[in-house]
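There are two complexes below, and they share chain A, which is joined by chain B in the first and by chain C in the second.
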Partner chain A sequence: MIAERARWRVIDFGPRTAAQYVATNRAILEARQQGLAPNTLSFLSFSEPAALVGFHQSVDQELRRDYCQAHGITIQRRVSGGGALYVDSTVVGWELYLDRRTIGSSDMLDIARRICETAARGIRSLGVDARFRPRNDIEVGGRKIAGTGGTYDGDVFLYHGSLLVDFDVERMLRVLKIPAEKLQDKAIASARERVANLKELLGEAPPMERVLGVMAQAFSEEFGVDFERADALSPAEDDKFRAALAEVETSEWVEQVSRPAAEAPMLEGVHRSPGGLLRVSLAVDLAKERIKQAWFTGDFFVNPRRMVVDLEAALRDSSLPDYRATVNRFFDGYPAEMLLLRREDFVAAMACALQTLARGGDAASG
Partner chain B sequence: MGAVRGCNIPDNLSYNVENNAWVRKDSDGTVTVGVTSYACSLAGEIVSYTPKKVGRSIEKDKSCATVESGKWVGPVKSPVAGEVVAVNDAVTGKPGLINKDPYGEGWIIRLKPANWDADSAALLSGAAAMSAFESKMQADGFKGC
Partner chain C sequence: MQYNGCEFRPELHYDKDFQIWIRPEQDGTLTVGMTDISQTIAGKILHVRVRRPGTLRPRGKPVATVESGKWAGPIPNLFDCVIEAGNPRVLAEPALLNIEPYEAWVARVRPSGGVEQALQRLLTGQQAADGYAERCRKEDIHCKRSAR
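Let's look at the complex of A and B:
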């Protein structure tokens, strides 16, 4: 006897505004939670340039509000966790609304890993070597090509990602407060070493239909399901969508987490050693004692070159007081050739950046 | 102190097993709400905590706080209805306290209960709670804390 394959719904929403995107997330998740929607894979792109902060982030800590306002970039708050993103019409959003028990695990890190590995496999079939990098990135040669995050309510969850088909790195640097800001003219080159997009890797942007097709194929194979196409939300979802849209279009939604920019400074450190000159920019959250992001540059030799970005990934959203342990744990598990450079040099550069806190002076708050 | 698959389930608390939350009535008549060590194990390290504000009314089984771990955002659902009388400022600064001490310093919210007798009647404690957690862990495919 052949067991019948489960059927999930697939919807391609096409271009949506940032507020429509967030309202759609809320509507389908709520409907799924109430048993009013099936397991769903959906896709969308963005009809306007937008900066999306993570659910718990503060706009003033993450974004350059003045630049966004001056350049017509919509600011919106996601329902999912993680960091701020810049998106526009060249970014594809893919989203899964599922029951945890469909996945056969309730461990949230397991669920994220399995979905990201599947998405990476789909992207690989476009001809780029996409891989999952813990905890939540999909990367190609160490360069991030998709970020992901999720939200859950009981046994139901939404997990989604943004895939860069083409991308304006310079715009991203102006919109987001990321620790490249003091690298000035080198910032763009430095950002290109950390962010990739399909157009650049393949020579031309693949047609959207093809991108959506390979992603759906990968999820279909991984979960043993067939997709049934729908063109729009159901009436029950549409009611929820309208209610959610009215709420997320307000400043109360967008500004609901508001923390002073001074609590999230950008710190710079420089360390000279026989192995070379090492600079680090650290974005830190002083109230929560976290490293939000670290960015190493300088004149030094490491092999493989991607070791630096992998170290940065290990430091992302990590404990600030435990940074030495994080660096040590990374090198304990990472085969790297560094000639005269040592792991202690990375620690020393970070220590130098953190000393600016004690001096209370040079730490620019962005 | 009881335990199920290595997860502490203290026997002096009342649980909504489905929502992985506990509640305790304190001597001043208020109640303290928190999440279980099982919930912490599923979530991983918690890095953000946003409670509902003091003075807000919370319905039974509705969100009284939002937490984030590993890029996942999720609600903490209060086992009982009530008005928020205190939030945990120590956890705002160090959300990892929830993982470290979910039944103590890592409490989520304090409420003035609205219908304690009715709301608490459906909650489980002691052996009944442990058995319900065992069933939930089985259904979730959970190996242990």
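Let's look at the complex of A and C:
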């Protein structure tokens, strides 16, 4: 007897505001949790430029609020974890609402990995070499093309990602507080080395229908399911959507985590060595003693070139006091050719940046 | 007691999925924490947020949220309650939940309908032990603790 393939729902919501996006997430997740919604894959794009902080992030620590307000960029809070994002009409959101039993694993890291690898496979069929980069990115040649994150409630979860079809890197740099603040003219070039989009890689932006098709195909193959198209939320989900929208459109929702920007400074360090000039920008969380993000730039040779972004990925959300150990652990397991540059130079650049804490966070050199 | 390396404390009360443990205190409050199963499934916890003391949390609305590896998730709430306090140690160092989940409590709450009524919704004793072991076995969960 041939077992019947499971059927999941697929919905393309089309353009949505940031608040509608968050309210949709909440509505379907809650309905799925109460058994009122099936396993679902959905897509959407953004009808407005928006900055989305992660569920536990503080707007003042992650975003340039003044810039957002002056340029009509909506600020919203996601239900999922992870870092802040800038999105606009050139970003495709894809979302999976599933229960853990469907996936057959309780391990959240495993679940994220499997979904990201599947999404990367879908993106690859568009003709770009997309790969999963732990913990939560999908990249092409070391450059991030999609970020992901999730949330769960009991046995059900939402895992979603944002795929860059075309992207305004300059706008992103102005919206997000990322470690490029003091790179000035080099900031855009440096960001372009770390972020990719489909239009740039393929020469033209693929039609949205095609992007959605390849993603759905990849999930269908991975999970052995067929998709049943729906055009809208069910009435039960719609009620939840309206209730959620009323809540997330308030400042209480958006500002529910508020921490002072001074606790999350940006530190700069410069280290000169026989291997070249190494500059590091560190975004740190002093209260939690963590490195949020690190960017290394400068005039030096490493092979493979992507070693730098892989080191940055290893340092993301890592312990601030243990940064030496993190760098050492990374190099212990990473074959790299660096000519005269040594791992100690990366440590020294970071040490230099951290020394500026005592001096109030000014740029320094060492 | 342990099942697949997942510690079970028989003196505590649990939800049916063994996501949280609850301990009644002398002053009529309940202490809420994450089970060994929960912290293992979550992985390394980077953020914990507890609702402000004095906040009324209806049943179904989480008392706290945690984040690990880009996953945000709730510490579920099974009865109406008022938040009395978050654990300052855990708020400052969320990874304690991965090190000592039964010492690193998350929140103290005062159940609106009284302690007895709240505990009626929970499992304890042999019934809890059997359910805990069953979940570990059925989902093949093997617990891991972080080192200090």
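Operating definition for what follows: the second predicted complex is superposed on the first by the 361 of 366 C-alpha atoms of A that agree within 3 Å, B and C clash if a C-alpha of one lies under 4 Å from a C-alpha of the other, contacts with A are read in each partner's own complex, and residues count from 1 in each chain.
One rule holds in what follows: a residue touches a chain if its C-beta (ideal position, glycine included) is under 8 Å from a C-beta of that chain, and two chains touch if they have at least 3 such contacts.
This one's a predicted model, so the numbers in the text were calculated from it and none came from an experiment.
S.K.: May I ask you to decide whether A:106 touches chain B, chain C, both, or neither, giving the answer as first, second, both or neither?
M.R.: After superposition on chain A, A:106 lies in contact with both partners, chain B and chain C.
S.K.: Name the contact category of A:151: first (chain B only), second (chain C only), both, or neither.
M.R.: Both chain B and chain C are touched by A:151.
S.K.: Quick check for you: in the superposed arrangement, does A:162 touch first (chain B), second (chain C), both or neither?
M.R.: A:162 sits against neither chain B nor chain C.
S.K.: First (chain B), second (chain C), both or neither: which does A:356 touch?
M.R.: The answer is neither, since A:356 touches no partner chain.
S.K.: In the overlaid three-chain picture, which partner chain does A:76 touch, first (chain B) or second (chain C), both, or neither?
M.R.: neither
S.K.: Could you say whether A:297 touches chain B, chain C, both of them, or neither, answering first, second, both or neither?
M.R.: Neither partner.
S.K.: Between chain B and chain C, which residues of chain A are contacted by each of them?
M.R.: Chain A residues touching both partners: 54-56, 79-82, 106-109, 112, 135-136, 148-154, 157, 257, 287-288, 290, 317.
S.K.: Which residues, counting only chain A, touch chain B once they are in their complex?
M.R.: 54-56, 79-82, 100-101, 104-109, 112, 135-136, 148-154, 157, 257, 287-290, 317, 319
S.K.: In the complex formed with chain A, which residues of chain B make contact?
M.R.: Those in contact with chain A are residues 18-19, 41-44, 47-48, 50, 66, 68-75, 77, 92-96, 139-142.
S.K.: So in the complex, the part of chain A that touches chain C is made up of which residues?
M.R.: 54-56, 79-82, 106-109, 112, 135-136, 148-155, 157, 257, 287-288, 290, 317
S.K.: Sort out for me which residues of chain C touch chain A in the complex.
M.R.: Its residues touching chain A are 17, 19, 41-43, 46-47, 49, 65, 67-74, 76, 92, 94, 139, 141.
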